[in-house]
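Dropping the structure in here first, questions after.
Order of writing sets the labels: A, B, C and D. Residues in every chain begin at 1.
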Amino acid sequence: MASRLGAVRWVAEFGTPRIYVDRDRWVETLRRARDEEGLRFFSWLSAIDWAKESAVGEGVADPDSLEERFEVVCRLSSVESADAMHFLAVVPKDDPVIDSIVPLFAGAAWHEREAHEMFGIDFRGHPYLAKLYLPDGFEGHPLRKDFPLLSREVKPWPGTVDVEDKPSLENVEAGGER
Amino acid sequence: MSFWATLGLQVVAVLAVMLGLALVTIYAELKISAHMQSRIGPYYAGGRWGWAQPLADGLKFLQKEDLVPRLADSTVYRLAPYVVIVAALAVWVVIPFGPSLVVRDLDLGAFYVLAVSSLSTLGVLMAGWASANKYSLIGGLRAAAQLIAYELPLLLAVLAVVVQAGTMSLSEIVAVQAEPWFVVAGVPISAPFIVKGQIIGFTIFMIAAIAELSRIPFDMPIAESELTMGYLTEYSGIRFTMFFLGEYASMVAMSAIAATLYLGGYALPGVPAATLNVVGPFVLLGKVALLVFLMIWFRWTWPRLREDQLQAMAWRWLIPLGLLNIVLAGIFKVVL
Amino acid sequence: MTGLMHRSEVAVSVELQTPDMTLNIGPQHPSTHGVLRLVAKVDGERIEEVEPVIGYMHRGYEKLAEVRTYAQITALVNRIDWVAGFASEVPFIVAVERLTGIEAPPRAQWIRLILTEMARIASHLVFMSSYPLELGATTPLMWALRERERVLDLIESVTGGRFHPNFNRVGGVKPAAGGGSKTKKISMDLPAGFFAQTKTAMEKVLHVCDELDELVTGNEFIKARTVGIGVIPPDKAIEYGLSGPNLRASGVDFDLRKVEPILPYDEVDFDVVVTTSGDCYDRYVCRLEEIRQSARIVLQAIDKIPSGPLQAKVPRVLKVPEGQVYVRHENPKGEFGYYIVSEGGRMPYRLKIRSTSFSNLSILPWLLEGQLVPDLVAIMGSLDFVLGDVDR
Amino acid sequence: MAYDKSIRPPFAGLWKGMWATLKALFRRPPTVFYPEEKEIPVPRARGVISLDTEACTVCMLCARECPDWCIYIEGHKEEVPPSKPGGRPRTRAKLDRFDIDFALCMYCGICVEVCPFDALFWSPEYEYSEYSIADLLHPVERLTEWLDTVPEPPALESS
């Protein structure tokens, strides 16, 4: 089925196939999934930033495996059964453009607007690609990994004490979890 | 007593009655609505049962700043609450509380009452227009549309009573209802117009009156969930209090008119005519209380209709029914 | 419209054309349930187009989750749809369980089921109270909230929190009051009297449903305001990604509790409520009936709940392996899911929250076109959204 | 389904609703007169966090695990003289400051859960509102006051 949809590669994890498609075939694949596979229900669309440098969080286990790229993720499911698929398309960071699927699924409009402001991905053909959550004049794309989380930068870590040193990741792990 | 002294006394009396009744009505609404909703309602103000809550609210409102929006038409904005409250007040002039307990018994009492009571809508329209607020404007225009739609059924309903009574003086309308209708075992029985065939008229009158008072289910001019209180949005402090008092005073006034026209006013079958100057006011107030309770009951049970549904109801149902009712009133006048 | 008019009327209407007015509904407005703003272009009271402006409550959970451990995120996620806090915890925890390969013991699963259904009842009772209020009826508000209080009390008696239980743990539910040697002995199992109180509460909930039937369901004015208003055809509902009662009211028989249960729903007997016309009234009726079904599930569940441990064996330091998983669940408002991208470690690499109200609300511009301002309130209310769920 | 949309007697629903509210008018409201009588919260209620300073070892676990960093702890090491003569002097962590900012706290209970020495407890106490947000930063003195209000854990439903 994955090859029928024109997948570059596919992974099945936890019962749901993840289908990687070329971004040029994005709209076509989703249309075929809707019309031929019966995945009529648009669940959500978002993106993942696979950036190496990470201003927040722990980073990733194997940084070398990552590139400067986004992955746009879209989930379609069926309204008759539990069938569902995740569709992923790689969007390079220097050219963050992909076709909009609003003509296929009207409900994708807000999801694409969210992805647009959070990651800076342009959805070609979107009828109204304005900011959704963020105020006008907001600069930056908050869900990109290089966007600092200000509240954590401004406030000092309250776990410091002169009893021991400022904890590193390791000693938090050692005692942190039950 | 000189003319001016009498007039002053009467004005004070009407003011006291109106304000007192309005406060009592507000308290009744607070309490009744609370208990219908599994609540207690006011409890602390004034000690027992929170009887002083309306007063406390009023005092609180008086302390608030009297704001006028910058873009508002200041004169009209300031004037509007007075128009509303004067309209509510002026109705009481012709309501008879007893055979001789009436401020002015006008020959055209019924006409006067209708004319004056619709004046409050003018105040509402003024408030809505002058507030320079879109919600207020929509609210004011809804009120105006409502007035036009409901003034006609109201008029037709009252007209039927006038036809049946043969007079427009409210005192005489009550007197007609107090006349013996028939005699059972030597006891003359009188009956109010609601018994004598005016049940349709009474229904139309009450529906139209609620619409004119803009109370649920016809409170579209206020409609807090749509228009954030409509024409009241910008008002605060004393002017809001005046609207508020005016609203409840109008409610009592409308009930008094309905009681006078349909329920026999101060007269009660079985109460001797000689005592009516003493008992009469209480009889009337009892009937008013009944009608006020009915309005409160409606409000806390039903949702709001839509403006176009209200219009459809008025033009399609109430006006034809009102016309029919006049014909029936003519027949009743001959038969009964 | 114009086609039906007489020529002279057309001439008049052209002459009387008035400029459109922009009506700003919100962010502070009684019927926007929080801070939603609708920029409506109105011609008189007829809405020509409407643009929802959201984001006034955006708290950035997806970003916050990237710097928090899975245990800390559990405390966050029940704040997304706070009206049914427990229900939004469950899919997240199940997603982490899938990633780590831990399965919760049966008793924990049943406790989750009971509390999820209680959250559903609480959430729907909020709708039962707020929706008539938007139509102008104030009394159902108090009646529904009165009984909701009992349900919240029950949730509190088990979890300690009324709105934000934070009771789910990877591999089960919170087993003990604390981590110390003394507090470890204080089990967080169901407190004594819970079953009896639940029975009473469910009876009361069913009773208030009957009361609401008397007061609201049969009311002609309610029907006049809702029947045939805001009709969502099934294909539109699917296209916009509507779910939950909003989808089922349009006649689509789709309930994740039947289709893809993550809790032992297949062991209890309940009906999926489906109505056909997709108007505001059906959305109301659908939710009212779902309260009854949920009460039915809870009553069955307290009889069927097995004994056993509350939490499976979980390693002291929870290492979540690499992987991507999406787990969804039938939240009171519809499909609620979490897409976790894990690269190993104690925190997710990326957490995508599929919040229900966000998708449910996105149909609003399509739905409101050409409606009247009073119907705007009726339609918006019937979608039953929570702004925290829209904005995340 | 129970909801038919067939034609009924005119306005039957309206009168039914009136009857319902009339019945409610004479029912006893479930109101609790708050300042005079108080509802007793359930024993597990997460009202406020209380601290047992004796048990606290300044291990910082709670501060680190707090999702929004609202616990501020400071401490120092102290030499404790040997308990019996000739013994080794021991060092002990001494608590200088333990503040919880209840304006930030989201009552998740993670700090109570992770505390390995039974120093933190939930108390159902809820009357600690302040006029200023800054006053919600409760110091150790207030946190220990609430220790007395920690209830006994409830009995469990026999399963």
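The rule is short, and it goes like this: a residue touches a chain if its C-beta (ideal position, glycine included) is under 8 Å from a C-beta of that chain, and two chains touch if they have at least 3 such contacts.
Every value quoted in this text rests on a predicted model; they were computed, and no experiment measured them.
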Per Cα centroids, the chain farthest from chain D: B
Higher-contact pair (C-beta pairs counted), C-D versus B-D: C-D
Length of the line joining the C-alpha centres of chain C and chain D, rounded to whole Å: 26
Between chain B and chain D, centroid-to-centroid distance (C-alpha), Å: 52
Between chain D and chain A, distance of the C-alpha-averaged centres to the nearest whole Å: 37
Separation of chain A from chain B, taking each centre as the mean of its C-alpha atoms, in whole Å: 62
Of all residues in chain A, the ones touching two or more other chains: 176, 178
Contacts with 2+ other chains: residues of chain D: 14, 17, 20-21, 24, 30, 65, 113-114, 116
Multi-partner residues of chain B (each touching 2 or more other chains): 36-39, 300-302
In the complex with chain A, residue positions of chain C that touch it: 54-55, 58, 60, 62-64, 66-67, 69, 71, 98, 179, 236, 238-243, 247, 252, 254, 259-260, 314-318, 322-326, 328, 335, 337, 339, 341, 343-347, 349-350, 352, 354, 358-359, 362-363, 366, 391
Of chain D, residues touching chain B in the complex: 14, 17-18, 20-22, 24-27, 29-31, 33
Chain A - residues contacting chain D, complex: 155, 157-159, 161-164, 167, 172, 175-176, 178
Chain B partner contacts - residues on chain C that touch it in the complex: 21, 23-24, 29-31, 45, 132-139, 141-143, 146, 215-216, 219, 221-222, 224-225, 372-377
Partner chain C, residues of chain A touching it in the complex: 13-14, 16, 18, 40-44, 46, 48-49, 56-58, 60-62, 73, 75, 79-82, 84, 86, 105-107, 109-111, 118, 131-135, 142-143, 147, 149, 152, 173-174, 176-178
